[in-house]
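The same subunit A turns up in both complexes below, where it pairs with subunit B and then with subunit C.
Take a look at the complex of A and B:
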């Protein structure tokens, strides 16, 4: 798909610049050896009050909880706003009123509400993922081909059939687009919330490592966040391919 | 936004209800719920101030300094960081995207690197930005840059591919050089996509800025609300959030106008 050569070149440049050439100080960016040592430290004895597995478990479970909550609440609301013009006229303005406030800006308020534990994080992750889920579901429902709906009606589809057999399958690709965007927003906001204050989690590792000026540990935590993000996106893509076989 | 800014439909039954009555009902219900819950004590004032208290604090913040400055100065500090980071991202990202779209060799060299860092959330650059640039003005700028860079590159890259091959080849046949091809054929063709990308980038940049200011720095709206949280002052937090929302909406509105203007003049 994409060439591996530039990545190899980058890795070689990384080895050279941090090692023999000494162009980049270890304080600014870790050499591969330092990064590996950091990985061994955090994987074995642990760092920032827990081993790596526990930090990953904390972050991953918070993202999953917030994402699941946003999917389970956002998609039904999107379906309602997409199908009922009156509900849309009533609820959409509230939505537009609150939406410009970046989800990240809710972090201080949620700390006041729930403290530094998991509750505050699940709430902001939910908040960040909710808007893409609602908007994309609504747009997808609005975009369902009118001809198909009319045809189903002509053939005697009742409202229930119309909703479950026509509207939802036709809207599913758009709904999945929303879920993909939600997922990205989830990781962004979770890392921000953990950087601001947490007891465990990958963002917490990053901020402790910053205080210790430990560039290797920052690098390891960033790599974990990126890989978890990629893995969840891939899983979602697999799920989409499985749910929508006709789109392949 | 579409529901609010869309063209006014012709007068017909239900229009008034849908355009004014129900939206007003929704907003008024929301504000009354907010005011009611706080007034009745369902939400204690230390957790959520009522609309009145938040508005009073908002006005108070404009002339009484809080954590070092009045609200306008915090807003100005945020906007300056935003302009610097966003400006840098646009000035580097758009040309890079255009080059990736135009030249195979650039695409081959850059795309894998770009793909591998794309999955790092912009906020995750905060620790390295602190190590590299200190805790001052520049650290959030790097985070804003990383938030805005990706949509700039991606949309410029996509935009080049929407250019008409025939026009491109005609220009080359008529003797247009590399520079002229780029600035007079590809850039105008890609402009609608680029401007759409700039709008998305502005949203990411604003959000990244607030996130970065929560963690590092001593000025800005993000700093203001996190200080409000440390002092357990929910009114300051909510007044700050409202300022963040209004500014974000203003930026988005300006970008939307720019996008429409470009679509009218350069769109297909």
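Take a look at the complex of A and C:
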């Protein structure tokens, strides 16, 4: 685990600034003790109408659903756009037109379409995670080394062999980069989506805690998002190392 | 039918600021089961010629024929060993060597046998399951050679296949190639920067000049090799010590230095007497 030292320093600074030094008022930012108390409250009896586990379950399942949807749709589309000039000419303009609209800007419309349930949030998460998956896959396919393709051709590769033995494996590192960016986008947009309208979830906890002026609880929810995001990224890195043993 | 024929081949490349004439009026042929080496300074168009025989590049004038048919693309009758190896980084050494066989649909057991044969032949034992980046440059080049040999193509197109090898391995590979050519001759077009290598391996050596790439001379080695019985020599250094070898080598060097005018040598090169 690299990066443990800076994080440790940050924690020490936090203790110092909020505790003995009294540099930051508890209302602005919680001290470790306050944060711990908030954690005990939400983990035990619960907060914002549910215990922590339920909030995490809600957020996590929405992220997983949106991420899975984005991966399963974005990667094939990226492969198509990367390999077919025709598809690229047809689809790319639409893509370019919609891209400047921030995924969060879709929230009002999606609430009209899906209501306040999970559907709207999965849709918005999918929307946010879709673009990095498509763009990185497409770029990776375009960037496949030409000499390697030629080597495959002169050794008898037909279209199927070229696609499965050359294009896909050569593009996989780029595809994984896209998945990593997708995953980050998922968490960013999910919390925003839950802020707008939800009954459970970590974003919902933050909104209720703001109304209660409970900085400790806001902090706990933020920390949960950070930890879940890091954990999922680590899992993805494991998967990548397992799928791509040939990378140095 | 596997002879390669270049008929008045010209190749221009489009470049910002005008056309670039890379090859002009290239006429020669590699007969069936003949070994022809191309030598010439860097940038004279050797790789471009080879790519046209492979069907990866096309002339802007003239024709390239393999087995009496105009080349329209890569084909199973020809395999290429690239100057930059071009191995598949995501495949193990065994998978790299077996790639062509897999595309061809060779049954797995037979494929395994052939792969093992070439792993041993190329001295890659113990590295069969490694990935290319885990091997030295010379080993990677041997994998590239094995990948092409494994297909047993009628035509082998080799672009400086021994360029990255250390001197010792290079000699081993050259001797191996001579043995392969003797036991199982194929049509080979072979690019090299080494005059020694060209004279040792080839039936004929084609010397090229740059800007634009042209053929300056074609030297027949095969006749000398047969009459001087180079084949009886077991090792390359014995061949290289022969007077006939030294003579041919210095002749090609003179051509490369431009000491002999090219026009007359094309005609004269055909007879290539010894001494």
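What we mean here is this: the second predicted complex is superposed on the first by the 230 of 248 C-alpha atoms of A that agree within 3 Å, B and C clash if a C-alpha of one lies under 4 Å from a C-alpha of the other, contacts with A are read in each partner's own complex, and residues count from 1 in each chain.
Keep this in mind: a residue touches a chain if its C-beta (ideal position, glycine included) is under 8 Å from a C-beta of that chain, and two chains touch if they have at least 3 such contacts.
Only a predicted model underlies this, so the values are computations on that prediction, with no experimental measurement involved.
Chemist: So, does A:170 touch the first partner subunit B, the second partner subunit C, both, or neither?
Modeler: second
Chemist: May I ask you to name which of subunit B and subunit C touches more residues of subunit A?
Modeler: Answer, by number of touched residues of subunit A: B.
Chemist: Once the shared chain is lined up, is A:230 touching subunit B (first), subunit C (second), both, or neither of them?
Modeler: The answer is first: A:230 touches subunit B but not subunit C.
Chemist: So in the superposed three-chain picture, is A:187 touching just subunit B, just subunit C, both, or none of them (first/second/both/neither)?
Modeler: Once the two structures are laid over each other on A, A:187 reaches subunit B alone.
Chemist: Please indicate which partner A:94 is in contact with in the superposed arrangement: first for subunit B, second for subunit C, both, or neither.
Modeler: first
Chemist: If you stack the two complexes on chain A, which partner ends up touching A:153: first (subunit B), second (subunit C), both, or neither?
Modeler: A:153 sits against subunit C, while subunit B stays out of touch.
Chemist: Looking at A:85, would you say it contacts subunit B, subunit C, both, or neither? Reply first, second, both or neither.
Modeler: first
Chemist: Hey, what residues of subunit A end up touching subunit B and subunit C alike?
Modeler: none
Chemist: For a test of understanding, state which residues of subunit A touch subunit B in their complex under the given definition.
Modeler: That would be residues 2-4, 6-7, 10, 27-29, 85-86, 88-94, 96-98, 100-109, 111-113, 184, 187-188, 191-192, 195-196, 203, 206-207, 209-210, 213, 215, 218, 221-222, 225-227, 229-230, 233 of subunit A.
Chemist: Where on subunit B does subunit A make contact in their complex?
Modeler: The touching residues are 1, 3-4, 17-19, 22-23, 25-27, 30, 46-48, 108-113, 115-117, 119-124, 126-128, 130-132, 206-207, 210-211, 214-215, 221-222, 225-226, 228-229, 232, 234, 237-238, 240-242, 244-246, 248-249, 252.
Chemist: Using the touch definition from the top, list the residues of subunit A that touch subunit C in their complex.
Modeler: 145, 147-148, 150-158, 161, 165-166, 169-170, 172, 244-246, 248
Chemist: Spell out the part of subunit C that touches subunit A in their complex, as residue ranges.
Modeler: 54-56, 73-74, 76, 78-80, 82, 84, 86-91, 99-100, 102-104, 131-133, 147-148, 151, 157
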